[in-house]
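Both of the next two complexes hold chain A, though its partner changes from chain B to chain C.
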Partner chain A sequence: MAMTPFNPSRRQLLAMIGQVAGTAAMYQAMTSLGLAQESGYTGPPDLQGPRQGRRVLILGAGIAGMAAAYEMRRAGYEVKILEYQNRQGGRCLTIRGGDRYTEMGGHEISCDFQGDGYFNPGPWRLPVHHRAVFAYCRRLGVPMQPFINKNNKAYLHSAHAFGGQPQRIGHVEKDMRGHVSELLAKSLRQGELDEAVSPEDREKLLEGLKEWGVLDRNYRFSVSDDLGDVRGWDTRPGGGLMPEKSPSQPIDLSPLLQSGLWDQLFNFNGYQFEPPMFEPVGGMDRITDAFAREVADVIQLNARVTRIAQNDNSVTVTYEDGGQGGTVRQESADWCICTIPLSVLVQLDVDCSDAMRKAIAAVPYASAFKVALEFRRRFWEQDDWIMGGISYTDLPLVQIAYPNYGFLSDGPAVLQAAYDTATAGRNFTYSWSSMTPQERIDAALALGRQIHPQYDAEFMSGTSWVWHRVDWSLGCYGQWTEDLRDEHYQTLCEIDNRLVLAGEHCSHIPAWLEGSLLSALDAIRRLDQRENA
Partner chain B sequence: MMRRDVMFTCIALTLLASTAQTQEAPATAEGADSLLARFSDDSDHFTQTDGAALYRTTCQACHMEDGQGADGAGAHPPLAGNPKMNSKHFIAGVILTGYHGMPRFGDMMTDEQVAAVTNYVRSHFGNDYADPITPEQVAALRPPDDED
Partner chain C sequence: MAMTPFNPSRRQLLAMIGQVAGTAAMYQAMTSLGLAQESGYTGPPDLQGPRQGRRVLILGAGIAGMAAAYEMRRAGYEVKILEYQNRQGGRCLTIRGGDRYTEMGGHEISCDFQGDGYFNPGPWRLPVHHRAVFAYCRRLGVPMQPFINKNNKAYLHSAHAFGGQPQRIGHVEKDMRGHVSELLAKSLRQGELDEAVSPEDREKLLEGLKEWGVLDRNYRFSVSDDLGDVRGWDTRPGGGLMPEKSPSQPIDLSPLLQSGLWDQLFNFNGYQFEPPMFEPVGGMDRITDAFAREVADVIQLNARVTRIAQNDNSVTVTYEDGGQGGTVRQESADWCICTIPLSVLVQLDVDCSDAMRKAIAAVPYASAFKVALEFRRRFWEQDDWIMGGISYTDLPLVQIAYPNYGFLSDGPAVLQAAYDTATAGRNFTYSWSSMTPQERIDAALALGRQIHPQYDAEFMSGTSWVWHRVDWSLGCYGQWTEDLRDEHYQTLCEIDNRLVLAGEHCSHIPAWLEGSLLSALDAIRRLDQRENA
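Let's look at the complex of A and B:
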């Protein structure tokens, strides 16, 4: 039998590294492979500018298109943006009371929120290492507030565990840490790890495990006042003659493992979600509004692009002025930066290489949806002591996110009551996307009341967003796989004669604003170099 | 397209108390049960087996209740009266591996399920093709390196 050399795919390789060396090592390896990079932002693009008058036509007034226009105009290029919608901002948007949107299929989405709560259907939180986003927010004066991604008081929930009773995130985390510390200490003390750990390290490790897991002097994870100080109390310490404090009871290891709640805890593990996270004060559209303040005078709204023609010297874009069926017009320019999502671009008539056409056609667009509900009062704060953060569940609503603003206020407030994307591999998002706007609200209520029974008494109104029913994106974001990236990514990002593509789909950070910005900055740098070559 | 309906906001404010009480009452328990049955019992694989139920919980999102699709800046193509429906292999292949912006469903559906959806869309919305696809034929269409 011939020996077959083992040539693992990148996915197999990463899975092996993850199994053997843990997720941190896998993440490091992913970074080496360019899959999970730190932001590549190094500062504002240092553009030389054109040697003579040069016109750049930009398609799409999302963050990539507006950032490109902003920087290129500063460098001396003449810029113009064509935008299909009657608004700028692209997938970065915020829905508030009074907003209306007709989605594909003719269903009307209404938002009748009566308080000052709002809903971000697309991007909604910013990790600090997304340096380009933060740099532009600083430059353009967008105030930020903390976004609480992990709140130890929020819930982890399974319909099939603990009688359907949600458990606090902090309890699950500390109990897992305690049980694992106890097991590890046991192995160490029985000499089972002597080959891996020197006697000196063994003592240090045991000492640390005692603190870290809150183990007693016999290295057991058990109820004590020390544990109360870490895990919390059944009867909290009080004042005066209030009842004596009593520590809370940890959950046993086996039911915890079988509940699946430990797995839900990993939702907070990713580097993208490391605390602290931030959000713009007042809604995500404050970021794109800030860009629009800089470039609104070069944006033409209601322009539906139908054709991108180019030759060696110029590019000519045909569009319907006033939307579908509008007056057909043309714009010519020296360069074109196209930020139209690939799902839409593939349906347009575009002059480009066969390889780029194949790349444009290759990338599926991920399913994603959200439902937001307004309630009469902040029962999650008032009854459950959940001040911001996210609860996770194995119900199809997947997660409930609490507002990180307006704490303690009376009156209505808005929950992001259901959200998932195809990234996690669950199929629920397709089913939500197939529902009418009213059905989505009904489903979010029927599921959510299993975690928060106050839903029924406090519900006011709801709204939702389904990215596959948005005609200008036909899905949420480019759903790259490693194989697709190997085959098409380079081509997709290269300048094709007078045309270059930009947007989250041309980045290693799909779906995030940072990916869009970095893609735009890289595209204009390369155009500027080509111009000055 | 989004518009801030100023007139509506004014009306809503004057009717604030009453609209808050009346709009979008939660679904009855019965209605909710049939709605929640639209979700798969398993988040990794669809558990529905018949073509109509599978269509309703996946394809319908884009191709709509009546199979007419929808358009705007870009379009979700209609399944009704679409000449591409002529080939059962093409339709099953699209469901398995995706097509342009459409995601793949091959790793979330069995060969039987892909066959059921294919046969459903080719026999509804005014389509009346007489050559159903079998699960075995679907299996033969799966890409050889389909690990999932």
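Let's look at the complex of A and C:
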């Protein structure tokens, strides 16, 4: 873009600095307001603590249950967690070589990864505005590394477009930007938007479109060295007397629109997926492990809850103690925080209002699946220049995610080779769920080799995870609709006598750790208020 | 976007997989071609080696000189490097607490950082298509980590817009996308682009604009929960019974266009800056340190070259040996590879063609400066949610870059608090260059506190780097124009009898390590061919 050259002298520069210095204090007030406004997490909960010795029984040692236990104990409550599994962490888990798991239906899932690659069947990436997650990771000492979500070198792919050849994300993005800019510039220059855009804005907008879309002097999106500088090269600029550079050729508007690849690009559009995203170093279970370090002493594993009874003064939970051959036991407490997924809770015998019972039964659980494959080498980095990020396809594997650690290393590495949750637009999840573990691996390989032909030569082993075959969650996350929320959400979250529910299903951020944490923080805040009312 | 639901049965899915499996082989051939095409780096140089014992003298122990020495020695040449400084690495350097440097004009630059933060005065980020850099980092074992270049939470700022309040990059980006989509949809729906866009394409384009720009059913860019999901929230979705979410308010088109912030966004447009970018773990000098581990035994430091003489059979280089009180010495060799910056070389006595001498004198060197500041805490992460990335401003500090390591840690951390190179549009660099080191720190503080008011309370110490005050480079990089290239580039790169030049100035990628490496690789390939001709 043509800009007026601005070459201040040293004296002018120092004068500028003097002029602006006074405005900082005013701005400080503004920005503090703006930041406080957006945050759902406002710091550690300010609990008063119990008026006298009080016992809180927490059901489920996922992140919601452990966070509740951590904060309630700090505030002076006596806490105990009952957990169905022989591990803590809930749906925030990481699978590594040597892990074994028997899914519903009797299939054993094995993970035979040879290298240090791993696989997160549940949550796997964190947006930075998920402040509760970040605050606890900081407090509990969980190191973070960038999770590359959008990688312009990764692929968008349709089996029905461009002869099945994947296209780089950056190419689709910049070509659509160029075509859109050219079309809008055309309209603007023909005076067709004069009612909508003032002459001053029109000038700025045309200038901007030219730069943003890389249009030529006639406002056309065409091949040029300027386009090479933005879109990339067929022959890249070299050193010494290497061959002359030549810019790459954009894809025409019509085949691009008809390919559906632009739509795939919208997978990166959401606020949850804005750059940068993060992940804990070493696997998602580092987060729940950090909580477990704080509260392991109050977790009882292998405790299968069958009944939650309550009266005006206390809660009594009946459970089978798997550590004692299934002996039936009971625990009583003043309060109960239940984080058991609704899909499981609906099958238990719970004393609560009819309205809450209806709410518990009303929310369906989303299905979701993932397949992970280990390969002998990082061919995606070495051959395709894809370092981290995600490729999307209209094949039923939906997406391939590349590891964001161990870059450039030799030896085996793990791809998240298929992943989807049921959405309004498509549902591959039931088909994958009904396959055997071996069929899932075969399917991920047969489909994925269309995008990465190196699959055939480099495959070592695979594993998979199907949330509807997990007996302790019976699905992936609470799948709310607006109608369901209007009818049931308030009831589900309200304290029912001595009982309150928490977990991602009791939040407006289902499926995310942040939803679980905020739900737990809000529940204990209200419970503490009730205690002190 | 409305999509036809696609719910294949398990049987249909397995059938699909069978159908597509046959196409992979065909595609494999296509993709191999596509990838080979774009690469400027095609693997380690295939050198024949000398016909008999041959000595190569290399001037300069930057990355070009060290890469040349590394490869030439592997091919059987005897190599020696003369380096002016008492360190290797050239312009690829990292400044840490305790470092001292006297710049031209006599000022001592000190770096008093207390924490483990560091500062890269020269190159600081690597695009993944810089394949030579990545190939050597892999060969030489330099671990890489993501460099977050574009962070949607970082700021765009104008002192003259929005009362001086910075705006989030993601907001500017998504608002402009929304306004552009709304305007183009308006034109399309009014039939004004029917000649340019077919009815089928028009439908797809309107559908896409609706999703991309987050337009409502009337194709207007307006506040909605859908917009919140893409742009963010004034009150974010919470857990339990936290306050109701409310979507954020987009910025209107006119103030946005007039603010100039959209133009700042174009800083992220270039192919060089596509996500993901990378940096070596621990500082940029880890790359040149890795080369030095391979060739340190052939580097003579403190060798100030004064004359390069040559005849048809050999080259003789005269230098002052700083290790021996400036004693004048000579080294002879069969070939000489000179990587000395042209800005310095032009002052030496060099036997070469008149045309090459003119070329050496013709290329000006770009000015550039950086200021780095250490603060007591990562307020940008803790208060502003900015984890890595770059904020841009129209203030003369131009940009603030946040560290991409040590996320969430307590204690001091370092910002690259001001950085610019001279461009056609603006030139702040001479003003900063003419300030004293203390004035530069004061200026970076006084300007930067407008974007981060926390500067005042958290500042610890600062340091700076001004490339025109560096006696061994006299500027930052070779600033070619198209006219200069047409006239001088070929001559500059050709072998002149026994002498060949290399370095970023002998490349089409000036200022980047990749340019230096490709230049060196091309020079030694041609030199080896000449040797064996």
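We take it that the second predicted complex is superposed on the first by the 488 of 533 C-alpha atoms of A that agree within 3 Å, B and C clash if a C-alpha of one lies under 4 Å from a C-alpha of the other, contacts with A are read in each partner's own complex, and residues count from 1 in each chain.
Rule of thumb we're sticking to: contacts are C-beta pairs under 8 Å (C-beta built on N, C-alpha and C of every residue); 3 or more make two chains touch, one makes a residue touch a chain.
Owing to the predicted nature of the structure, the values given are computational and were not obtained by experimental measurement.
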item	value
Contacts of A:G326 with chain B and chain C, given as first, second, both or neither	neither
Which superposed partner A:G411 touches (first chain B, second chain C, both, neither)	neither
Partner chain(s) touched by A:Q438 [first = chain B, second = chain C, both, neither]	first
Which of chain B and chain C A:H468 touches, first, second, both or neither	first
Touched partner set for A:P44, first chain B, second chain C, both or neither	neither
Partner chain in contact with A:V344 - chain B first, chain C second, else both or neither	first
Chain B versus chain C as contact partner of A:L521, first or second or both or neither	second
First (chain B), second (chain C), both or neither touched by A:R426	both
Touched partner set for A:G238, first chain B, second chain C, both or neither	second
Comparison of chain B and chain C by chain A residues contacted	C
Contacts on chain A seen with chain B and repeated with chain C across the two complexes	396, 425-428, 430-431, 434-435, 439, 442-443, 446-447, 456
Touching residues on chain B, where the partner in the complex is chain A	1-6, 8-9, 12, 16, 19-20, 23-24, 26-27, 31-32, 35-36, 38-40, 43-46, 56-62, 64-65, 70-76, 98, 100-104, 108
Chain A to chain B touching residues, read off their complex	84-87, 93, 97-102, 104-106, 112, 114, 304, 324, 341-344, 346-347, 361, 363-367, 376, 394, 396, 422, 425-428, 430-431, 433-435, 438-439, 441-443, 445-447, 455-456, 459-462, 466, 468-469, 471-472, 474-475, 479
